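Right after this note come the structures.
Two complexes follow with chain A in common, the first pairing it with chain B and the second with chain C.
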Partner chain A sequence: MKLKKNIAISETGFVFDPNSGDSYSLNSIGKEILELVKLGKSKSDISFHILNKYDADEFTFERNYDDFIDMLKHHKILENE
Partner chain B sequence: MNKPKYTIAVTGLNNTDNPGPGVPVIRALRSAKSFDVRIIGLVYENLEPGIYMENVADKVYQIPYPSVGSEALLNRIEYINSIENIDFLIPNFDAELFTFITSQAKLESLNIKSFLPTKLQFEEREKEKLVEFGEKYNIKVPKSKSLTSVNDISKLRDDFDYPVLVKGKFYDAYIAYNSEQVIGHFNKISSKWGLPVIIQEFIKGTEVNVIALGDGRGNTIAAVPMRKQYITDKGKAWGGITLGDETMLDITCKLIKNTKWRGGMELELIKNNEGDYYLIEINPRIPAWVYLAVEAGQNIPEALIKLANDEDVPPFTKYDIGKMFVRYSYDLIADISQFEKLSITGEL
Partner chain C sequence: MTKLRYERPIISKINAGVPDKFGMKTSVETLNQIDTVPVKDILEQYGSPVFVVSEPTIRKTYEEATSAFTSRYPKVQFAWSYKTNYIDAVCRAFHKLGSWAEVVSGFEYQKALNNGVSGNEIIFNGPDKSDEDLKLAIENLSLIHIDHFDELYTILKLAETTDKRPKVAIRVNMNTGIYPQWDRFGFNYENGEAWQALNRLMYSEKVDVVGLHTHIGTYITTPNAYSVAISKLAELATSLKKKFNHAIQYIDIGGGFASKNTLKGAYLPGKDTCPTFDAYADAITGALMSANFAPNELPTLIIESGRALIDDAGYLLGTVLANKRLADGRRSTILDIGVNNLFTSFWYEHEVLPVETTTQQTEDTTLYGPLCMNIDVVRAAVQFPLLQKGDKVAIRRVGAYNMTQWMQFITFRPNVIMIDEEHNTHIIRKAETNATFEAQEVIPEYLKS
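Presenting the complex of A and B:
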């Protein structure tokens, strides 16, 4: 999966899709993960980064990460490579 | 460098919850960089808000409804012109456009310039001809049928699944979930706008629009796509945002190229979940949200005046994406003497 072209992510976590005009608000973790996705990082890279930085276990990360990615796909913020 | 000053007559000062484009068109003309303006507001009703708004019209004249007949309207325009020396006219109502389009020779004899679609362009995009229009110009349109009698409604089941859209020839559109609702909307619309009433397949998706300007030779001078963010119960945009949608721009440019569209226009499109675009309507004039395009970088009314003046107008090449508009209501305080003057003399 990769971030759709032209999606704008602001410092505040505000995400804007200029193609559809839709906008979304992310919390700081969501923004951090989306920026890692934007850099082309894999799920395992992102897991390694988050688990090292925050007090979370692998199971909790996995469940929330998958939910988050599904939501991004649903809103067409992510697309297939 | 001295800028020319033009006297421009504009209709559509009804800045209500179903706004005419007059006030935003005037706002755009007043912010034009290449000329100054004196604005003559032409109004049908004496409570059109643009009459009483500051810095909108320099002078206001009442004009008769097109339904009274084109002769009465043109006689009134001739009278107003004898006082005001109008350089340009921008009509903003669908219902008056036909009269002005077919009165070009008369307007030219009065030295009033305009930049309107041709009669053919105006007629072939009419709602009841949308299916043929789609076939001719290779663009997806919803299935439509014109009804001239309430008796035809019972046969709709053969061709349509509910819900359907019930539309007036010029204005109004309602969604109907069964034949009883179609009958109700048919009666309401036909009594207001006449026949036919158009039944249109309901396409589920997001409504998106493009404001555009064609030079009449196939070139797109301006085009800005927008998505309505907040829609009133009349289906009008109360808020909107400019989009960076290349497909919408491509559809617009192809349509203008193939039709050689002359003048302002608004394409109303539905983008379905599969990403397909359906053309649901072409408004043959500048829409009421034009000022969004101006602030996004394309002053379409200014460009339209320059085209009407036979000037070379290079196409706009960019606009700001993510520019938003939000409408608001505001109570203007007027004096009865203003209302009295307009009611008695037809001028203010």
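Presenting the complex of A and C:
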């Protein structure tokens, strides 16, 4: 799972895809996860990080994480694997 | 180390477009208590979903409505529209405040009697009154509002079999400048049918023509239409006086006042566009006062408003069952509240609010109910906060029509509770169970084995 080249993420959670010209907004956890994805972190690394920092249970986060990744794919922000 | 509050990660596409001139809401509103009773406690005690009726809100709304009219006109009487919400406790709350009963079937008529309403304070409207219903209404000196000529002649026939003189009015339909014009109930004004019906009744000398009634439509946001209606009824009344020297006792303007709910397709929210009771009262009483009634023969003004009096007092509380993604990436949230209980979601954009403060983030969401049917959509598109399975929601302004038009479809109807003036909660209609339905069904012998 890899972020497409040139995807820009601002400090405030604004995402710009120069390939399509589309822009997106992230909430703060979304931004945190996207930055970890950009660093090439695995699902289990990201889960470990988030569950240590935030008050969430493992299943809820897994469910939400998968949904988030699906949306990144839907918006074509991730490279095709 | 204390962990930070978690919220679901989201990414939303930014669509460039023309924003409306009112801008976006800046915060997510929550509804965590009703009359100081915590919503979570109600759900815990009475289950989910659950309807809640606030008696303090009924009283407050009723007082607001009555004072708008009584401060402008000396003789005013409200009659509670049973079909809007005929749960007995709700009806009794209105009767306690001074409302008569307005019913439209034998079933509702019996309910009114059982609620202790005296026969002469029951208004019997509607196209479906059986001979038995009419006999009872005549005996009880109830106010029978005649809908069609077949009913008129039935009453004249029944009048020959009793020593009681039926107390009758006719329902009149008319053009008041609003669309659609309701012409399926009562006798038409413009084509002379209403005057013809009144003549037939007066010449019969077997009934007392005590009033004139109209109901011009529903969710009327143009108070002036009521002025037109009053003027036309007043014309009929003065014609009766002139021809028969007969003064009617009341004019019943019906109901149809809007509530603060937002109709589907409306540009502005209902709470900004709904006329006040003062606006309706001004239009109605102004027209009455300018009509040609002698000061000693001013008719009583009867008002049968239902929706505007009860909508704000009703709440529907429920729970998020699941979140899903639709094929186009839109989020959908499934609630345990569906169109089976929230019938009015077919015509209103109901406000669905989280019970607890969550985040200020929202996503474009479709809210579905729990039914395995495609029609079960509570909101087709709404900016909705990031609720999770098990989170609680509250829908306000559901007091009108939902607790009468709800469907027993796929699942049961839930508990209905009332919060009283001291903020105590009471069940006023028990949730249905399998036993409720088993009691009604009969299995033929040959299918029993």
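In this section, the second predicted complex is superposed on the first by the 79 of 81 C-alpha atoms of A that agree within 3 Å, B and C clash if a C-alpha of one lies under 4 Å from a C-alpha of the other, contacts with A are read in each partner's own complex, and residues count from 1 in each chain.
Here, a contact is a pair of C-beta atoms (placed from the backbone, for glycine too) under 8 Å apart; a residue touches a chain by one contact, two chains touch by 3 or more.
Worth saying up front: this structure is predicted, and the values here are computed from it rather than measured.
Per the definitions stated earlier, placing chain B and chain C onto a shared chain A by superposition produces no clash, and the two fit side by side.
In the superposition on chain A, contact of A:V15 is made with chain C only, not with chain B. Contact with chain C, but none with chain B, is seen for A:T60 once the two complexes are overlaid on the shared chain.
By the touch criterion defined above, A:H75 lies against chain C but remains apart from chain B after alignment on the C-alpha atoms of chain A. A simple residue count on chain A separates chain B from chain C, and the partner touching more is C. Once chain A of one complex is fitted onto chain A of the other, the partner contacts of A:G30 are limited to chain C, with no touch recorded for chain B. Shared-chain residue A:N6: touches chain B; no touch with chain C.
With chain A used as the common frame, chain B approaches chain C to a shortest CA-CA distance of 6 Å. Applying the stated touch rule to the two superposed structures, the chain B and chain C interfaces on chain A have no residue in common. Contacts from chain A toward chain C in the complex involve residues 15, 22-27, 29-30, 32-34, 50, 52-56, 60-61, 64-65, 67-68, 70-72, 74-75, 77.
The residues of chain B lying in touch with chain A in their complex are 206, 226-227, 229, 241-245, 321-322.
Chain A meets chain B in the complex at residues 6, 8, 16, 18-21. By the touch criterion stated above, chain C contacts chain A in their complex at residues 3-14, 323, 325, 329, 359, 361, 386, 388.
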